[in-house]
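Scrolling down, you'll hit the structures one after another.
In what follows, subunit A forms one complex with subunit B and a second complex with subunit C.
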Partner chain A sequence: MDSALIPKGVKRCSLPVFLFGVGIVGVVLLWGVYAMLLCWLKGLNQTNMNDSYGFALWIWADLAVIAIGGGAFFSGFLKYILGIDELKNIINYAVLIGFICYSSALLILAIDVGQPLRSWFIFWHPNVHFMLTEVAFCLSCYFAVLTIEYIPLVLENRKLDEIPFIHNFTHNMHGIMAVFAATGVFLSCFHQGSLGGVSGVLYGRPFAFREHILVWPWTFFLYTWSAAACGPCFTILLTKILEKITGKKLVKDYVIDILAKISGIMISTYIIAKIIDTIYWAWVTAPSMGFNLMDFYSSEHSNPLYHGLWILLLEIVIGGIVPAVILISKKLRSNQKLLLTAVICGTMGVCLNRWVMVMQPMAMPVMPFDSWNLYLPSWQEWATTILPVAYGIILIAFSYRYLPIFPQEKELNPIEE
Partner chain B sequence: MFPFSFEWIWDMGHMVFMGGLWYALGIIGLGMTYVIIKTLQDTFGNGGGGDHH
Partner chain C sequence: MKQEHNQDKKYKKYGMVIDLDKCTGCGSCMVACMAENNVPFKEDESNKLDSITWMRVYKLTNKKPFPDTEICYLPRPCMHCEGRHSGHSPCVSVCPATATDYDMETGIVSQIYTRCFGCRYCMAACPYHARYFNWWDPVWPEGMQKSLSPNVSPRMRGVVEKCSFCYHRYQLAKDKAYFQGRKELREEDYQTSCTQACPAGAITFGDLNNPHHKVHQMVLPDLAHHGKPKKKNAFRLLERLGTNPKVYYLSSKKWVRDMGDNYTIEEKHKGVKEELHH
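Entry: the complex of A and B
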């Protein structure tokens, strides 16, 4: 029924099967939209946030999707700035994932501000001494860049491409894409960094506070570094998941290998820096503020299990060292099971890092008479956090069905006439 | 915010933050303007329907 819209030379499932799959995810999407409307219409009393816990579940989700969406800017940097042309075979998908991640991040922020009609205040009445102002600026501009990068992909749809104006428009967009990609890299580096900076400057919360280089705390650089390192892991992971669902090979192994190798080098350098940062924080920074390392983790301080020392070890060892070792070795990353393990660990590691830097500082007591802040999200918070996942699945489904996302798909899956 | 807004102060914070925003928006705006003008030229300027394949 919709075969005229499907790219030439590729096979897709029947329309009823497609709509059935999308319909199931659509129910989850509607659940999230209902919760979102509740938050907008009734206010943030629909959440379990309070004065102590102002950054809750969806802010962690926000930071996590921004980090794993970093594959878009870093792949763009590698292809358009460093000229690694082989990545043209996966860049469309990286852009799509980035577009989904950043639109989700903005959606979450629109729910979080509680009064989205006043979102423009950040541009007209900015607090120019606040890192989140820079984040808001860069996030909005980078989303515009991602939209510009995604538009040519949409316009390459078989039917749309037949219109001369659209065909020329797409061609000219591709011609100037390096400029947009470079702008995206600039914007990404700053908003990723400033998100980390927000935690690092909290001198009233020694768990998050870090030493500075000029005005930038260490977390500024670690956030950018980790997004560039682990973003490609998420791109590879979603490629593998889509290959599994469709039962097709969509990207040649050498393309994945290049991205995995670069990701491995980045994760290796990142995790060394992260370990140095953690050691310095534990031995110098925290003690200078009156805390020992185990004050943050000891069960004597009624430390809840989900804020235990195991999270630190999980983040650094399983989420950092393991993917670094696998991805940096040609022999190990050539093994598909180990490659999959590495990209899962890398993605998990960066998401966990955002959890540690956003949620744990809120929960930890900072005064001797304080106790742990315990927080359980309301169902509305869960629903609005799951909403972007459902939205992402639906957008990937439509994009894969109707757009030439994977240039190598036709060659890898020839259709017998 | 623009320099003619009553809240504007000529300090480093405003110049760096707002300058960065306008710089990024300027590149995006100029880039898109260039693409649209070139597309109009390519499509309608030389007999129309230019094909780049």
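Entry: the complex of A and C
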């Protein structure tokens, strides 16, 4: 029924099967939309946040999708700036994932603020001394860049491409894409870093605060680094998931191998920096504020399940050292199971890092007579956090079905005439 | 001319000294604050994690078993922190929309309700939990609207609010002084509602920069060291973080003073607590 829209030379499932699958995810999407409307119409009392836990699931989700969406800017950097041409075979998908992640981040932010209609105040009355302002500007600009990068993909749809103007327009856009990729790298480096900065500058919260280099706290550099390191893991992970769902090989192994190797080098250097940062924070920064490391993790009043040292170990060992070791070794990353393990760990590691920097500073009391806080999200918070996931699945489904996302798909899956 | 003007200009630093030996924990300061500032309340106030108390009284205990048990009540308004350099309060420095500001003339940290868009970053930054979010629209019991203060605007759902050191009283006092032909406010011209409501006289308010004001005399703030108190029994909450708060506490009990800050195990063993504060 929709065969005229499907790229030439590739096979897709029947339209009813496709619509059935999309419909199931669509139900989840509608559930999220309902929760989103509740939050907008009734206010943030629909959540389980409170005055002690003012940052919660949404902010974590926001930071996490921005981090794992970092695969887009870093892949763009590798392809367009460093000239690793092989990555052209996965760059479209990386851009699509980045577009989904960043649009989701903006949507989550729009739900998270108490007065969404005033969100533009951040641009109108900016506090130029604070990094969140820079995040707002860079995030918006980078989303525009990702949109510009995604548009040529949409215009490459078989039917649209038949129109000469669109065909030529798309061709010319591809020609200048390096400029946008470079702009995206510049913007991403700043907003990823500034997102780290907003935790690191909280000098009233010893768990989050980090020492500075000039105006930038250590977290500024660690966030950019980790997004560049672990973003590609998420790109590879989603490629593998899509290959599993479609039952087809979509990207050649050598392309994945190049991205995995670079990701491995990045994670290795990142995790060394992260360990140094943790040691300095535990032995110098925190004690200068009157805290021993274990004050942050164990207390007679805190629940070790939520605030135990295991979180730090999980982040650094399983989410950092394990993927680093696997991905830098040619032999290990050639094993598909180990590769999958590594990219899952890498993605989990960076998401957990954002969780730690957002949630744990809220849980821990700073005044000696204050108590630990426990927070469990409401169903509205879960629904609105799952909403972008459902939206992402649907957008990937449509993009994969109707757009030539994977240039190697035809060659890897020849159709018998 | 401009230089002369600057020399004449003497910035004030309004602050508070709370004598914990006098505080009985009666809560009058909390009630007075809520009435004065149109602070909204819920029908069910049992969950304190989402109720608004600009002034909150904490109950401290020395954690010793009977008969050595001692308790102390600690009223906690907004600390109106100055930070290590002027106006670098934990909350002001992180507001992305400049909805909260540090007034260099008074040292008061303001909150612009109509500009706040509810990102709650200031709440995350404040180690004192002195900032509160309006999770609901304010709803007043039938007829109570008539008793609201006309000098303080009620806040809408979705914005952050906090103690303002009754800034509207400062504005009224300035107006009154102007009409009376005075340039300077007298100490008694501007007092917060909690100060006046405390039946034990535990709260004292005034200009910390003015040696004639009681607050200055009670704690002797060391201006060369970010306002650290020189008086032995005086302390500030979380002094070590460098927030430079303008609320000081007095207590003759060492365990109470020790509760004002965090100390590592090594410091506790060495007993360097008092040294760190003075």
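Please note the rule applied: the second predicted complex is superposed on the first by the 410 of 417 C-alpha atoms of A that agree within 3 Å, B and C clash if a C-alpha of one lies under 4 Å from a C-alpha of the other, contacts with A are read in each partner's own complex, and residues count from 1 in each chain.
Following the convention adopted for this analysis, a contact is a pair of C-beta atoms (placed from the backbone, for glycine too) under 8 Å apart; a residue touches a chain by one contact, two chains touch by 3 or more.
In this text, all values refer to a predicted model and were calculated from it rather than measured experimentally.
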Considering only the touch criterion stated at the top, classify A:His129 as touching first (subunit B), second (subunit C), both, or neither. both
Just subunit B (first), just subunit C (second), both, or neither: which does A:Gly308 touch? neither
Could you tell me if A:Pro164 is touching subunit B, subunit C, both of them or neither one (first, second, both, neither)? first
Check your understanding: Just subunit B (first), just subunit C (second), both, or neither: which does A:Thr183 touch?
Key -> first
_With both complexes overlaid on chain A, does A:Asn172 touch subunit B (first), subunit C (second), both or neither?_
first
| message | Looking at A:Pro407, would you say it contacts subunit B, subunit C, both, or neither? Reply first, second, both or neither. | response | neither
Comparing subunit B and subunit C in the superposed model, the one touching more of subunit A is C
Original post:
Is A:Gly26 contacted by the first partner subunit B, the second partner subunit C, both or neither?
Top reply: neither
Going by the contact rule set out at the top, does A:Ala144 touch subunit B (first), subunit C (second), both, or neither? first
Where subunit B and subunit C land on the same part of subunit A: residues 124-126, 129, 133
Seen from subunit B, its contact residues with subunit A in the complex are 1, 5, 7, 11, 13-14, 16-18, 20-21, 24-25, 27-28, 31-32, 34-36, 38-39, 42-43, 48-52
The answer for subunit C against subunit A in the complex is residues 47, 49-50, 52, 58, 60, 74, 90, 93-99, 115-121, 123-129, 131-137, 156-160, 237-238, 240-243, 259-267
The answer for subunit A against subunit C in the complex is residues 43-45, 49-55, 112-116, 118-119, 121-122, 124-127, 129-130, 132-133, 136, 198, 201-206, 287-292, 295, 361-362, 366-370, 373
Subunit A residues touching subunit B in their complex are 123-126, 128-129, 133-134, 137-138, 141, 144-145, 148, 164-165, 167-169, 171-173, 176, 179-180, 183, 186-187, 190
